[in-house]
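Per-chain residue numbering starts at 1, and chain names A, B and C are given in the order in which the chains are listed.
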């Protein structure tokens, strides 16, 4: 196979141009989806992390089980279960709803673990110092502990957010018309791989700066652990 | 997938009975359990294959990078960045739906294996590399001053320290990427999710999905707990 | 003077725009102990690191034990095992026991079988009085003990020359004595040594010759009596009075 055949099959500009309107639509959906599921995951994760500061075994163990179960289940399994399984229980979720709930459960568990580690990395004395100035437990957590916790685990938070944005591509499986879904549609209509190549290019160009940033942060973090 | 959603007509029963009959149906479970078990072993095979090739390729790239050959290192960084930025499902789609246009047909299994191996390779290279560079310069100098060669120093002095440092992040990343084997169901591989999903379509009952979810828990829950243990076990004491 | 075992001539070293060594000569006879002193940034550590080519000199010639170190055809790894080096930060391998640290090069560079390497390793640890610590990891040893293991790691290879790069400056004061005692014993056994250090007491008692370096050059050299008792240069005088005050 020569270069021209290859270019015609994978880098076909005519087909890419033809597919570009629906690819743009897909990109918009991917961005909207990310703007939905990242905050959802952060909210769920913060709730889990705050709960984990409760030392009582009746909170601790169920919490750990919850987090581990949702970290063990592949997100696609969760999504398919919500979308194709729940209707049998009389609960029909639209694709958006299934994606939102699935990501809330899965992503929340990951964010929760990261934030928990962050809270544990803040010395206990910080809480004590804040309380000694008359702040309530909630205020001390919000103004003193959490900001430091977030700063300490910022690389992990960014890394997880990158993974979440990439993970939105599985919404294509439940026919939510995001970038990968639209690229697949265009590919199956034209029987040409160029739309998928275009989608891959969009992902990598948009996410590349984040990857670069992370690689710097992670190098520094690992070096500091010695 | 949609056809299953309207197929839940039945005699008037209590909500719980209907729920149990739907999600924990013994007859359906018995019928589809063998398929799920087959899927389970397929998932295990796929996962082990990805871990083996992904980690080996990642380590190899990190070692090549440590030689410090400029143009080669730019290429490595480019490949690593690319596969960190691309969603795994996009890579699978490219290989499975794209390659036939080039007259090359990869099976769904091979596509998933190759795609996730590349993704794991990228993340593993990054982690190994960070580990190698975090070993202090003095370790290199001490070893070289006793006459060890570059490669001997890498092998006996630097890598053992680097690997220890990289075990927790590497374990977590490997687990996360291995869970991506479920994506193979999208390209018609009858691994756990694929088998379960097919079972739902055939039986008009979601019990196979319940079984599938349980199978994933059986497989990955111990792995996640293991990852937790690794994190405390190898926590850097200082 | 017997024949020189180290002969470095006109050594220059640039780090980018920085000219760290400006034509240094260093000739060391067999069984001689040469002390190199000087303010930080004077290039004394860089000079030492050129002597086993951990730093690549920009110009000059360095011959150690008849081997031209800067000749491209020289097997630098074979040369290095004749030149032991001890570092300021010990640089022990944290994932290996004391014995493991000492035997690694015996096995991988000299190719000795494990049993023989361990016998030689234990003998080396014996010489630094740490035979009972053979199975300890660096993290379980004091700084002084770690530095003595590092010395054992170097002498186990039976080098012709030993280079010491500020071997005691990372140590708590009470741990310095043990390391100096081991160095003194090495000297008595006839080891050729080049020592970069500020241990003036040790220099007075044990050194044959002292070099004072500043700004990448050797300002003056002489016996300890000459350098400490009657320095000829103003810079030497200032430096020594500052050191002695602390």
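Here, a contact is a pair of C-beta atoms (placed from the backbone, for glycine too) under 8 Å apart; a residue touches a chain by one contact, two chains touch by 3 or more.
All of these numbers come straight from a predicted model, not from anything done at the bench.
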Original post:
Classify the inter-chain contact topology: is it line, ring, star, complete, or other?
Top reply: line
Subject >> By mean Cα position, the chain sitting nearest the middle >> reply: B
**OP:** Just grab the chain with the largest centre-to-centre distance to subunit B, centres being mean Cα coordinates.
**Re:** C
Subject >> Separation of mean Cα positions, subunit B and subunit A [Å, integer] >> reply: 16
Subject >> subunit B-subunit C separation of Cα centroids, rounded to whole Å >> reply: 50
Subject >> Rounded Å distance between subunit A and subunit C, as computed from the means of their C-alpha atoms >> reply: 54
Subject >> Where subunit B touches two or more other chains at once, by residue number >> reply: 136
Subject >> Residues of subunit C defined as touching subunit B within the complex >> reply: 52, 54, 77-81, 83-85, 87, 89, 91-95, 104-105, 108-109, 150, 153-154, 157
**OP:** Could you please specify the touching residues of subunit A with respect to subunit B in the complex?
**Re:** 1, 5-6, 9-10, 68-69, 71-77, 80-81, 83-90, 92, 162-163, 166-170, 172-175, 180, 183-184, 187-188, 191-193, 196-197, 199-200, 203-204, 207-208, 210-212, 214-215, 218-219, 222-223, 225-226
Original post:
Considering the complex alone, what residue numbers of subunit B touch subunit A?
Top reply: 1, 4-6, 8, 18-19, 22-23, 81-82, 84-91, 93-94, 97-99, 101-103, 126-127, 130-131, 133-134, 136, 165-166, 169, 176, 179-183, 185-186, 192-193, 197, 200, 205-206, 209-210, 212-213, 216-217, 219-221, 223-225, 228, 236, 238
Subject >> In the complex with subunit C, residue positions of subunit B that touch it >> reply: 136, 138-139, 141-149, 152, 156-157, 160-161, 164
